[in-house]
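Naming follows writing order (A, B, C and D), and every chain is counted from residue 1.
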Amino acid sequence: MTDSYRFSVSIMPKEGILDPQGRAVEAALPQLDAVNVHYVRVGRRVDLEVEAGSEEEAWTMVDRLAQELFANPLIESWQVDRQSVTARMGPSEK
Amino acid sequence: MTDSYRFSVSIMPKEGILDPQGRAVEAALPQLDAVNVHYVRVGRRVDLEVEAGSEEEAWTMVDRLAQELFANPLIESWQVDRQSVTARMGPSEK
Amino acid sequence: MKVAVVVFPGSNCDRDAVHGVELAGGSAELVWHERTDLGGADAVILPGGFAHGDYLRSGAIARFSPVMGAVRDHAERGGLVLGICNGFQVLTEARLLPGVLRRNTTLRFEHRWVRLSVERRDTAFTHAVPDGLTLRMPIAHGEGAYWLPSADLDALAANGQVLFRYAAPEGNPNGSERAIAGVMNERGNVCGLMPHPERASEALLGSDDGLWLMRSLVESLARARVAA
Amino acid sequence: MTLLSERPVEAPLHRRLGLTDDELSAITSKLGRAPNDLELAMFSVMWSEHCSYKSSRSLLRTLPTKGEDVLAGPGEQAGVVRLGDGLAVAFKMESHNHPSAVEPYQGASTGVGGILRDIVAMGARPVALLDALKFGWPDDGPTRRLVNGVVHGVGGYGNCVGVPTVGGELTFDPTYTANPLVNVMCIGLLPEDRIARASAATPGSLAVLYGSTTGRDGIGGASVLASANFDEGSAAMRPSVQVGDPFAGKLLIESTLELVERGLLEGLQDLGAAGLTCASSELADRGGSGMRIDLAAVPRREAGMAPFEVMISESQERMLAIVAPARLDEVLEVCRRWGLPAAVVGVVTDDGDLVVVDAGQELARVPARALASESIEIPRLAAPPARRRAAPAPGDTPLAHDGLPERGMDPAAVLEALLGHPNIGSRAWVTTQYDQTVGADTVAGCAMAAGVLRVKGTQRAIVVATDSQPNVALTDPALAASLAVAESARNIAVTGARPLGLTNCLNFGDPGVPEAYWQLAESVRGMGEAALALNIPITGGNVSLYNESPLGRIAPTAQIGVVGVLDDVANLVGPAFRHEGDVVVLLGETGAGLVGSAYERLAGAAPDDRPPSIELAREGALHEVLRRAAASHLLESAQDVSGGGLAVAIAESAIWGSLGADLVAQVALPPAVVLFGESPSRAVVTINPSNWNELARLASGNRVAAKMLGQVGGDRLRIRLVGVGATGAAEERGAGVADALDVPLADLRRAWQQALPRVMGEA
């Protein structure tokens, strides 16, 4: 019998690799008079749910997907976070 | 005198709004024999650093940017997370 | 001689590639991505398009299509593989070619007529190109900025793996490192380029320079046949 | 239920759904009883302006739609005309204005997806797209975001599905600031004898819904958005945004074409506005049958959808096919292979009713015809505005003044200003974001007056163009519509091609306002008259009303699209100058009237001035001359005179050919009219000197004026003006004759290239 494990994977351009999107955002900031904002980096986030026999097993699956599918290790780094199953992102609380 | 506050903003398709990217990924998962993966949603993540007089001030700025620049409230929800300044995402530990 | 043109869901230059091969005197047939063989073809073309939508990252999903196993085997046996645009992206994602094709530095989809300098004319993909000719053909992509760590770029050039560079007057349209538009593997049997030779194979359409590349491919197969 | 909770609870349901009390009683009498909520919701979307054309149908009936080459006309999902060699072209234009105002990227991309499906639903493979875009002045952040979003959205869908964008229009005008226009045209190619029909004629046949799953997308979009005054402020008006999935769209195109090519379908309709309700009721109505839809069978994306949500959902990338039971397995297999969900959601019946059941329980029963062909029509009141300028009658004497109010203006400076104007300058900023060459058929993309696509396996080429005249329409909508038809057809003729058919998109304001309805009625009249005179059947189109905002009503915009054929692509004539020494010839006569011209926008016009008039017989004669001249290889280049007038037309040919010219123009009229007036029925051609006599004979034989202006050559554009009448600086000096227009080509090219980057704040 299996359980559901929810993860979010963040994929960001590696440090030291030029990020044109981040640059573009920074360039747009003055128009929104947001002058004190720096080091903008733009990446991807993938949320998913894994059916697995154990959390260990679920982690292995997510790590594999992150490395093989979601990120290109040449230029991107990634980070996997475990989320509570209830925490599917709804409309922002803000 | 001001401090640096580091945030990451996750922008995801709203519940109920079609997520073509998530669907395309999900449809392809069997080819990676990852059959037990569901509810894939693909969004964006923006990391940034704010210079502000107080954390309060910094949050206000990020919330505004999230709403006005990063996310389209009609179809996307967003979530802001505070990060320790040191925690700029480096190459993955994996 | 037969060329297999792979059709991924979302490929949209597959029929154009067949047309290009036929103009060059070859014959081609479409091969659905779920196939695990190439139908006995002598060469493979991975065509342009948006395989699986290319939402995540161009070519990221396509590299896992069943047919890619056959493509890999074909390449390992020394068979010719040509990736055009999205096909180039798939080949890099599959690590059959070095490098990454990143988002254009313009952050826009770019459709432009460009000019290519041919860095080597002694390859299976370029031997028919007349000396001194720069090739005029269109690009049409959003993720075509070729990238490698600069040390690897030096090695790539040193190995003679750089086949095409964007040339004047139009120049580098997408921010590719060292204006690289196309590369091949060390063995010289797998090649990828972002511009579209198959769309520039008839004067009526604005240029037939691309035909030199299609011819090179088709004639290479003919030679291989004779040799075998 | 989203839709129902959107408006104040007090109002009765039918009003909250956008139905009037009259409409409710009409529904009640058609049913012979009061409708239930689901039925009411279905009527509300089907009887919306968007689906029922209730305000415009009576006008559209007056249009000329017949022609021996017309294989499918209005009423079908797209027009189809015979191309030759056993082939036909399907084409149509559609608007996605309000969705694009709400969410520019998704609005534009679902607009492209929608028109693509109309063409595919005819069984045609889409081969070209054109996009006609109208925005406010893009000097502020919001408008720039709108422009960027829409252009990105058009490309995002078209590029991905691999259909080249080969033309369009881009116009900036303050009246579009809060209500941009996104009109998209699609052209498809199919064998003459394989037109798919949107009809369900055989009781017992199955209704198969395939493509994407059904979610809450665009609930209320059709009824609320398309039939209520659009107002940014009121969130209540906002639909749950439709999101496009071009990848699914591409799979839908390929799977549908395979289904049609293999003859597996009896009937086919795409799901657009009003979703399943529209497709099922129209299929049944056209087939004179009925249909029974089982909601439980509809593949969903979301849990807990109410029946009405499933019935009117506008989830994209869906088709409803009518399939004989014997063919079902083959159909499902094709969908499976293309990775598309498919399900039998209904069966064709013989009782004429559209019946909706859920888990065996009947939820709605409505005569299909009552929802579709027999939906109501609303008689509207038309009243011209109090003050408006009249167009001069044909042959009217030109006005005395020189139409150059402000002083010290040098013609070359005016030309540079015009070429640098965002409505005239190079479109490259937009068009480089569109794949123009995928398909390997594009002979001319977004560069010339018309897009040109060769047809593989034949000598022929398809030629397409789209135009509009909103500035003239502010003064005279009927004239403007005629001028737009004439310009589109002229764009076809200059290539040497002949027009096959015309489609259009009518973008207007609230039909309940007599002046707005008058603008619509007049435009339809003008469009019909011109199409009839130029002998171009109108095979379809689209009407978009309520294009208003708190800032006011948009300029009346009849967007015209014409498809033509060049029987031998070898005879194609381009607009660029080609050789030094070629002779530059003006075909047609320059007429008075600067109102509505780009020049007027720049310099203003005299209070007693008017728009130029058009003589349709002369327009037709010009096209005849252009075609004959092209066919007998007399022409080196040909370019129509339109926005910016003669000087701009010549300057464009010079820029595209990188060749200057040294010309002399006779000024019988005010110099500004001669150089920058936009009177119709003119073209600038270049010929080898040895061909002059033959061209002159051909022209005079058709009563078309032909004047030699000078020669191609050099790196400057020089136009000397001889005859009386001076403008600007020359007049200041008391000179009797105007200064020559004399400027380096390089300067003109720079101004032309910088037009859009500058106004978008990128240069």
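Observations on the model:
What we mean here is this: a contact is a pair of C-beta atoms (placed from the backbone, for glycine too) under 8 Å apart; a residue touches a chain by one contact, two chains touch by 3 or more.
Predicted, not measured: the structure shown is a model, and the values here were computed from it.
For the interfaces A-C and B-D, the C-beta contact count is higher for B-D. Centre-to-centre, using mean CA coordinates, subunit A is 7 Å away from subunit B.
Separating the CA-averaged centres of subunit A and subunit C is a span of 31 Å. Note: centroid distance subunit B to subunit D, computed from Cα atoms, is 39 Å. Rounded to a whole number, the gap between the C-alpha centres of subunit B and subunit C is 35 angstrom. Residues of subunit C in contact with at least two other chains: 52-53, 55-56, 61, 64.
Shared interface positions of subunit A, i.e. residues touching 2 or more other chains, are given as 44, 69. Looking at subunit D, one finds that residues 245-247, 339 touch two or more other chains. This structure has the following touching chain pairs: A-B, A-C, B-C, B-D, C-D.
By the touch rule above, subunit C contacts subunit D in their complex via residues 9-10, 12-13, 15-16, 19-20, 32, 48-50, 52-55, 108-112, 138, 140, 142, 196, 198-199, 201-202, 204-206.
Of all residues in subunit D, those touching subunit B in their complex are 102-103, 106, 212, 215-217, 238, 240-241, 243-248, 301-302, 315-316, 339. Looking at the complex, you find that subunit B touches subunit D at residues 13, 16-20, 23-24, 27, 72, 74-75. Taken together, the subunit C residues at the contact with subunit A in this complex read 56-57, 60-61, 64, 93, 99-100, 102-103, 105, 107, 147, 175. For subunit B in complex with subunit A, the residues that touch the partner chain are 2, 6, 8, 10-12, 14-15, 22, 25, 32, 34, 36-52, 61, 63-69, 71, 77-80, 88-92, 94.
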